Structure formats: structure tokens, C-alpha cells
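Heads up, the next two complexes both have subunit A, just with different partners, subunit B and then subunit C.
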Partner chain A sequence: MNQMRAPAIVSHKLRAWSGVPALLLALLAVFLLHIAVGAKPLPIQTVIEALTGFDSTNFDHVIIRNLRLPRAVHAIVVGASLSLAGALMQGVTRNPLADPSLLGLTSGAAFAVMVSTALFGAASLALIPWIAMAGALGAAAIVYLIARLVPGGATPLSLTLAGAAISAFLGAVISVIHLLNQDTFENLRVWLTGGLAGRDIALLAYVGPWMALALLAGIVLAARVTLLAMGDEVAQGLGIRTGLLKAQLLAVVVVLSAGSVALAGPLGFIGLVIPHVVRLYVGSDYRWIVPYAALAGAAYLVSVDIVARIAIPPREISTGIITAMIGAPLFVHLVRRRTR
Partner chain B sequence: MSRVFILVAALTAMALPALGQDTRSYTAANGTFEIPVTPQRIVALNDQIVALPLYELGAPVVGSAGRTDADGNHFLRGGMDTLGIDYANTGIEYVGGFNGLDVEAIAALQPDLIIGGPYTDPGVAEQLQKIAPTLLINNNELGIIETMRAFADITGKTGNFEARLQRYRDNVARLRDYLGDPEDISVGLTFMFPEGAEMWVYKHSGNLGAIAQVVTDLGFREPAAITALSTNETNYSAELIQDLDADFIFGFYRQQPDATPANIRAAYEKFAPGWCQALTACRNGQFILLPGPTFGPTMAGLDLALELIESNIAARPFTPFAEAE
Partner chain C sequence: MTAMVPPRHLVLRSPAQRVALRLPLRALVILALLTTALIVLTVLSLATGSYGVAPGEVWETLRGMTVSRAIDNVVWEFRFPRTLAAALVGAMMALSGAVLQNATRNSLADPSLVGVSQGAALAVVTMTVLFPAFSGGLRPWIAFAGSILVALAVRSLSHTSQGGSAIRFILMGIGLSAFISSITSALLTYGEIDRAMTALSWLAGSINAASWTDVRTLAGWTAVLLPSLLLTSRAMSAMQFGDATALGLGAPVALTRNLQLAIAVGFAAIATSVVGPLGFVGLIAPHAARRLAPAGMGLHLLLTGALGALLVLFADLVGRAAFAPVQIPAGLITAVVGVPVFVVLLIRSRPANAS
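Moving on, here comes the complex of A and B:
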């Protein structure tokens, strides 16, 4: 029996490891493509010159270095973060529908940024991530509380329903605030649809280190998520302090979700769809799902942003609209595939 | 059931002021209605597009949709900087936002005429018909002059309007003489939001109020990239901002804390770093931010836009933009 299992494990490990360089290569390829193509066609020679000998008086160089490059970096950070956060949430809640937006984190972060802007004017760059984190954490706490209070406790179903209810409620409140104070929020219109255009690179400097730490922590904790996904009793039986682990994972997810909202607004479907896609390749082991989700999520959002920039020039489409347009049918396809 | 009866009775009572007035038929975008020959109590369903031109014509506006600032104060967008009016210094009452109308507040004003436009929710417009004839004037299709002419016709203030319009037309003719051949001068119209995440570009035939009318009447040329647009207005990629280069490029600021000239210039820089160096118009000091009333739909806006064009283009030397072959 053991002799039969050993080759299977080796084969799975080999398969999983072999995917990592492929994904890294894919991410590098779409990253370079993001920089090389855009609404304005530029010779590859110009792209190389902009990267190797930047001339700030040459607008073509500015396009590469100051428009495309920061946008690609934003897409990598946000895509990886949302996807990894979704994977962790699905593992912890044992709910395949869990993702930062479905469980209210994204709405909570967006709501907090909106309210603070309404009350105090445009919040300073340094404060936005903290405000978003407070909002995400508050929404997560309310969702969890509601789910705990219903008969049966915090089951995947009650968490999903509570999350959907809180997301809808916060969405409605955002609409009311928008309606009452149109002039202020006209400026946040693009951000609210989820977009990477005109994002401030300085904000990435504030949020980036925290998000990098959270990404690292997520990957480190991933092995224990596999045990947690088997059930609390099993995890406890294997020596996992489930309460502490859940708190750590919640912190990771909140930092990643709130940071992403601060950087790009509420982008949907990435945290929901990408973990399911990577599961098709690596199975149910979170040691692989989590890093794969991060890499695939980054590559996915970079690719989507290329489409948003070049689909109908000279116009640009909000990246969030494309993620929703692709994400929704992709998710339906995955669900149909799993139920067959 | 009794609540419905009371509501219908109340709405009927509200409609009583319209009874006894001489009426005539008027055909608007939403149908033909009997309206008072000389309306006495008009409610505007949009501040900038309806209330301001009506007030300017001298029409009796008793209520208007408006905006709410961060402190919760209601204001008429463009009111203070265009005509020096707001809720506080006129008898105009706030009746909600243009997309969040307060039907009860409108009914309480006992209007004899209500005027809205394509932005008015058709369902709400139907409700308002029970209070007073509600005309939806399609300002997008009519353009600002025909919209103002329609308002003048509806309110019976045609004499004042035609006199001001004639003066505007005379000034346009004079300025065209100063300019020589305006077709040789290219003008681009851009609109930047203070957040710097999005820039819009408008065709001269687009819906950008007075300034679009003025550049059309003067016969300026559009940059080829704008002429090639399939729609009258669109958001525009920062990468392609050089395609908009022209002899003159206009942008807009407003009398709002976040939309000052400095903020709007900073927003262009955030949107497209190095934009000013990239555009010969900007390098030559021919990128000009105009004040908010110039994109509003009033005669005051038309006059102001014309004067600013005159002083910026006709009254000083400028460096022509040489298009690349």
C-alpha cells in the first residue's frame, strides 16, 4: 500500500513544483507584455531604452516608466493579494464561495474609505490603508458575529449569507452617501468600479511593505490551512491551535484585502475564481494552492489590465469591469465543471 | 386603501393652482401637455441645466434639484459663479438631487410647471404629472441654444432671450473677423476630474455647454484624433494624450475646494506625468483652464466663454502647432 502511495506523492510533488517555474515565466511574460503594449504602439527598441536609459523629456519613455510600469506593479500586488486572500478564506471557512468581496471585507474597506472621505475630506495617503483595514476588519467581525448568532453557528452557508447581506447593506449605504454628496464622490467614481489608472505610486510605498509581509505570512501559514480545511477537530488533533491560526489568517486576509482596496478600489471575482482554477492543477493541498493562487492571481490581473488598456482605444475600460465580465462566466464554468 | 385616497386627494389639491390659468399645448420630449401660458411657479429638476438658464431668463423658479456639499449644505451647481445665486439668496427651495428627487417637497411647492430632461427618471416624471405638467426637454439633442430657446418659449420670456442671443451672435461675427480664418486654428476640449484617474475629451459638437457652442460657432478646427472619435465625448487614454495636441487646448476648473486651477493641473500631471512637456500647446502656454460657467448652459456662460476665447486667442500672439507629417 505504502509502496503504491509513495510514487503518487512524488508524482504530485513533481507536478506541483514543475508548475511554479511555468507560472513565474507566465507572470514575467505578461508583465513584459503589459509594459510593451498599450493604447500607443511603441517600438520594442523604445521600450528597452525607456527601461535602460530613461529620458524624462521623452514622453514615450514616460509612458513606459511612469504609466505602464507602475500600473503593472500595482496589478501584480493587487492580483496576488486578492487571490491569496480568497484561497485562505476558502480554506479557513471550508466554503468554496468565500472571497474577500463575498464575505464583506472589500465592501467594508470601501465603505470606510468613503465615510472617512465624507467626514474628513480626502484622507491623506498614509491614512487610507489603515482606514481601509479598519473597515475590512469591522465588516469581517460583523459577518462573523451574525453567522455565529444564527442557529447552527458559523457554517459556510451562514457566513456566505451574512457576508452577502453585509456587502449588500454597505453597498447601499455607499450609494446613499454618494447620492447625498455627489460632488465629493464624483471623484471616487473610477476608484469605486475598481481601476488601476492614475493610481498613486506613493500609496504603494505605504501599503506595499505590509502587503508583502502578509503575502509571506499567508504562504508560511498555508500548510496549516490544509489541516484546518479538514475540520477544526482534525486540526486540533494534529496539534494546531485553531483559534490562534484563524486570528493570524484573518489578519493576513484583512491586510491583503484592505491594501488591495486602497490601491485599486473594490475589484471582484479574483479571490473567488483564481483559487478554483489553481485547484484544478494542484488539488486540495493549500501548501500549493496558496502560492499558486498568488502567482496566478498576479498574472491574471496583469493580463486583464492589458485588455482594459488596449481593447477599445483611445478609451480605457475600468479594470474592475473586465474582471467582473471575465470572472462571472469563468466562475459559472468552474462550478459546472465541478458539479459534473 | 385610505392612504392611497388621501395621497391622490393631496396631489389633486396640489394641482389646483394650475386650474383657472390660461393654458396652451406644448410638445416636449415626453409628449404633448397643456401648460400655463404664463407659468407662475416652476420647479426645475436639474440645477445647472434647467434652474440656471430659467433664472437667467427671469422665469419664476420656486424649486430646484441641487447638490449637497461635504458639510450637508445644499447648493445650486454653478449658481454662485455663473449668476451669483444659490438657495440662500433666492426664493428657490431644494427639492432633492436630480437623480434623487423629493416628490413630496415638489408637491408642497404647488408648482404649475415642472421641467426636467433626459436625466429625469421616467417613473418619477409620471408621478410628477399628477402635481403639474412635467416637461422633459432633451438638452442633449437640442444643444444649449435651442434648449434655452425652448425654456424661453415655455416661460414666455422670449424677448429677453432673443436680444441676448443676437448680441452673442454679433460678438461671434466680430471675433471671427479678428481671427481671420478660424478653420486654421485647432482647439481641443478636455475635462479632468480632480482625482486624476480619468480624463474626458469632447468633440466641438459634444455636450460641453457654452464652450462647445462657442468653438463651433467660431468655426475652429478639431484635432484629427477628436474628429475621429465615434462618440461626442469619451474618456481618453493617458498614453494618447499627444494625439490631442492643438494650437489651443482647454480644460476646466470649478469653484469647489477640490477643483481649483492648481488641483486640476496637478490632476493632469497625476493622470499623465510630463503631460505639459508632451503637449506643444502646454509648452507654449496655450493650454488654458477655463472657469466652470464656460461649460454651463447659460447666456452668461456663452458670453464668458466667448470673451475668454477672444482674449486668449484673438488678442495675443500665439505659437501655431505644427502637426507632424
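Moving on, here comes the complex of A and C:
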């Protein structure tokens, strides 16, 4: 029996490892393509030159460095963060429908940023990540509480329904605040539709380190998520302090979701789609799902953003619209499959 | 058992006692109270706005006397159609919700939650953006076509061999709504900016721009749909006990259910085509009506309609008056009020329906 299984494990490992360079290559390719396409198409050659040897007198290089590179970097960071957060949430809650946007985390963060800006004027960039984190945490707690009170407990379905209700409520309140302070929010309007256009690289300097730390922590904790996904008793029997682990994972998820919202506004369904796609390739081991989700999520959001920029030439579609267009049908499929 | 007091009824009999109506007194009183409140709120709505008019003057104007040309103009041309449209839309959304809840046996159903409103919105936005030349008279029909397609899709997707469940039905609606809304948004980005702006204010569920033409559309359709709904109300009461019982009682279950869905979609589509998606009214009104006064299906529907009218009229008034120069669309107010109600209903839903 053991002899029979050993080659299978080896080939699975080989298969999993072989995907990593492919994903990295794909990410690099879409990254370069993302920078190259746009209102003024630039040859890949120029892009590589601008990235390796920057020449401040060359106009194309200035476009790349100041306008296109920040946007591409934002897409990578946000895509990786949201899909990694989604993967962790799905593992911890054993809920295939878990996603930062479906469970209210992103609208909570957006709401907190909105309200604090309305009450205290534009907050300093350094404060925004903290405000967003508080909002995400608060919304997550309320959604969980509501779902716990539903007869039958916090099932995937009741959690999702509670998340949708809270998102609808916060969305309406955000619109009201927005209407009341139209001047203050001219710049927040674009941000709220979930897009990557015109992002300020300065904010990334404040949020980036935290998100990098959280991404790293997520990958380190991933092995234990596999055990947690088998159930609390199993994980405890294998010597895992489930309470502590869940608290750590919650912190990681909140930092990643709130950071993404601060950078790109509420983008939906990325954390739902990518982990499910990744699972088709690497199976149910979170040691693989989590890093794969990060890489694939980054490549996915960069590609989606390319489509958003070039689909209808003079104008741009909000990136969030396209992620919803792709993610919602998968959501319907998952709800449908989950017949109990 | 001694504490049980049977509700008092008003019994009407025809001379030869061929036909008799037994109406619960409490429901009748409440219906009268609601009607009074509706009239008071209408007058208040006509009097409120950037151009101040005293309620007395409103009353005079409505009776046909001209207090001043300005007041005449403001009341008849701007505020009266808006007020009437708010009341009609509220009643239509509430009835749509009540019928959806009955037909799907799902206490959480609401036209805006299961994608019916979004379907109408997508159909109308598509026409506005791609074929700007189409006439306004077609709008209700297009909205109806979009809604019924989505309603059928949600229904067929949420039914499996094990039968549908309440929460899954709603989740399916939420997923489809998200998909449809994203297409609507993409179309808005694609369209001309001025047309997109018109569509945007309409999508927030605002009654600002309602005109007499809109009121005529709404009233005409209500005049057709409401009587047909009341005709099916007897079969609806039987269906409250489940399909098997209803069949045993001789109710045409399949026919009634299809008719009901068509009527519910019709109400929601027409209302949406005039003021845009207006959330949660169809969820709140039927539950509130049941709570205020238990009544037979026919009377319950009338109570629901009156409550819905009151709710949207109130939401429109608050949206207009609360932050004076800025107008908050009524749809946002109903969402802020409606979500807590939804959460309470979700928490109190029966475990059998829960998953």
C-alpha cells in the first residue's frame, strides 16, 4: 500500500512545484503587457529598458515610471492579497463561499474610511490603513454575530446572506454620506467603484509593508490551515492551538482585505474565484493553495485590469465591474452545487 | 384556553343571505387608519419643499381654488405627480413582495433581492444606451421582459431534485443580481455621458423626476393588475397551507402560481421602469401588515398595498426634507430601514428553512 502511494505523492509534489515557474512567468508576462498597452502603446523593449535603466529625459520612460508602473504594482499587491485572504477564509471557516467582499469585510473598510473622512476631513495617509482595518474587523464581527443567531448557526449560506445584508446597508449609508458631501468626495467617487486608475504610490508606502508581512504570515500559517480545514477536533488532536491560530489568521485576513480596500476600493469576488480555480490544479493542501492563490490572484487582477483598460478604447471600465462579471456566475454555481 | 378571545368580525350579508362577508374588525379599523395617514402624509408631502406652502393652502389648491399661480404650479405640476408616483410605486412594490413571498413560500423574498428589479434595470439601461431613439411608452414592456427572464432564471436555478430552500433561493438571486448589475454598470461606462447620468440617477431609486405621464402609466397598470391579483387571493389563502392541502381544497395551484409570478414580476417591473430599483419595500410591508392585523388574503393584500404606499411616501419625504438642499433618493432610505428588518426576519426564520 505504501509502495503504491509513494510515487503518487512524488508526482503530486512535482506537479505542484512545476506550476510555480509557469505562474511566475505568466505573472511577468501580463505585468509587462499591462505596462505596454494603453492610450500610447509602447513596445515591450522600451518597457524593459525603463525598468532596468531609467532615463529621465526619455518621455516614454517617464510615462512608465510615473503612471503605468504604480498601477501594475497596485494590481499585483491587491490581487495577491484578496485571493490569499479568500483562500484562508475558505479554509478556516470550511466555507466554499467565503470571500472578503461577500462577508462584508471590504464594505466595512470602505464605510470606515468614508465616515472618518466625512467627520474629520481627509485623514492623513498614515491613518487610512488603520481606519480601514477597524472597519473590516467590525463588519466581520457583526456578520458573524448575525449568522450565529440564525437558526442552524453560522452555516456558509447564513454567513453569506448576513454579509450581503450588511454590505447593502453600508452601501446605502455610504451613498447618503456621499450625496451630502459631494465636494469632499469627488476623489473618493472613483475609488468606491473599485478601480485601479490614478492610484497614489504614496499610500502604497504606508500600506505595502503591512500587507507584505501579512502575505508572508499567511504562507507560513498555511500548513496549519490544512489541518484546521479537517475540523477543530482533528486539528486539536494533532497539537494545534486552534483558538490562537484562528486569531492569527483573522488578523492576516483583516490586514489584507483592509489594505486592498485602502489601495483599490472594494473589488469583489477575487477571493472567491482564484482559490477555487487553484484547487482544481493543486488539490486541497493549503500549503500549496495559499502561495498559488497569491501568485494566480496577482496575475488574474493584472489581466483583468488590462481588459478594463482596453475593452472600450477611449474610456475605461472599472476593474470591479469585470471581476463581478466573472465572479458572480461562479458564485451562483457554488450555491447551486451546495445542496443539502 | 380561557385567555383566547376570538377576533371580532364584521359580518355583511346580502338580502337573501346568498353571499356573506365576514371581515375582521381590527383589520378594517387599521385599513381606515392607514388611509387617513396616507392622506395626511400626502398633504404634508405637497407642503414640503424649497418653496414653502402652508397645508391649508395645499388643501385649497387641491379643491380647485387658486391661491396663487406659483402655488398652483408647484403643487399641480411638480409635487402632486411626485407624491402620487411615490404612493403608487410603494403599493406596487409591496404587493409584488407579498405575492412573491406567497408564491415561493419564502418569507425573505423581495423583488430587489431576487433580481427582478435588476433585470428590469438592465433591460431599460440597455435600451437607453444602445437604442436611444426608442419611445418611452415601450419602457414598461421592456422592463417586464427583463424582469420575467431573471425571475425564470432564479426559479429554475434554485430548484433541484430536493426542492428549493428559502436561503438558497435568495442567495441565487443575490448572485444573479451581482452579475446583472455588473453588466448594467459596464453599459453605463460604455454609453454617452449625459445618457449615462440620466440612467444613474434613475438607478438610485429616485422619484425626483416623476411626471403626470409616469403617474398615468403606474395607475393604469395598477388598475389592471390589482383586480387580477384580488381574484387569485382565494387560491392564495389555500396555498398558505402548502401545495398538497391547497390541491385537496380544489385550488388550481399550478395555474395560480404562474399567474402570481407574472403579476408579481409585472408590479415590480412597472414600478422599476418609472423610479428605478427600490429595495426592501416588498420585504417590509407584507410582514408589517401581518403583524398589525391578521386578515384574510384579500384584505391582507389591501393592507400591504397601503403600508407600502405609506412607506415610500415617507421615505421620499424624509429624503427630501432631512438634509434640505440635498435630495436623498427614496431607495437609499428604504434600504437603510429595510436591512435591519431583513436581519431580524433572517434570525427568526424557521430552522427547517435555514439551510
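Heads up, the rule we're going with is that the second predicted complex is superposed on the first by the 307 of 340 C-alpha atoms of A that agree within 3 Å, B and C clash if a C-alpha of one lies under 4 Å from a C-alpha of the other, contacts with A are read in each partner's own complex, and residues count from 1 in each chain.
Operating definition for what follows: a contact is a pair of C-beta atoms (placed from the backbone, for glycine too) under 8 Å apart; a residue touches a chain by one contact, two chains touch by 3 or more.
These numbers come from a predicted model, not from an experiment.
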| item | value |
| --- | --- |
| Larger contact residue set on subunit A - subunit B or subunit C | C |
| Contacts of A:L179 with subunit B and subunit C, given as first, second, both or neither | both |
| First, second, both or neither for A:P314, with subunit B first and subunit C second | first |
| First, second, both or neither for A:V332, with subunit B first and subunit C second | second |
| First (subunit B), second (subunit C), both or neither touched by A:S18 | neither |
| Partner chain(s) touched by A:G38 [first = subunit B, second = subunit C, both, neither] | first |
| Partner chain(s) touched by A:A118 [first = subunit B, second = subunit C, both, neither] | first |
| Which of subunit B and subunit C A:T52 touches, first, second, both or neither | neither |
| Touching both subunit B and subunit C, residues of subunit A | 179-180, 182, 315-316 |
| Touching residues on subunit B, where the partner in the complex is subunit A | 67-70, 72, 77, 97, 99-100, 193-198, 201, 225, 229, 234-240, 242-243, 256, 258, 270-274, 277-278 |
| Residue ranges of subunit A in contact with subunit C within the complex | 146, 149-152, 155, 157-158, 160-162, 164-166, 168-169, 171-173, 175-176, 179-180, 182, 193, 268-269, 312, 315-318, 321-322, 324-325, 327-329, 331-332, 335-336, 338-340 |
| Subunit A-touching residues of subunit C, taken from the complex the two chains share | 157-158, 160, 162, 167-168, 170-172, 174-176, 178-179, 181-183, 185-186, 189-190, 204, 279, 323, 326-329, 332, 335-336, 339-340, 342-343, 346-347, 349-351, 354-355 |
| Contact footprint of subunit B on subunit A as seen in their complex | 38-40, 56-57, 59, 62-63, 66-68, 118, 121-122, 179-184, 186-191, 195, 197-200, 309, 313-316 |
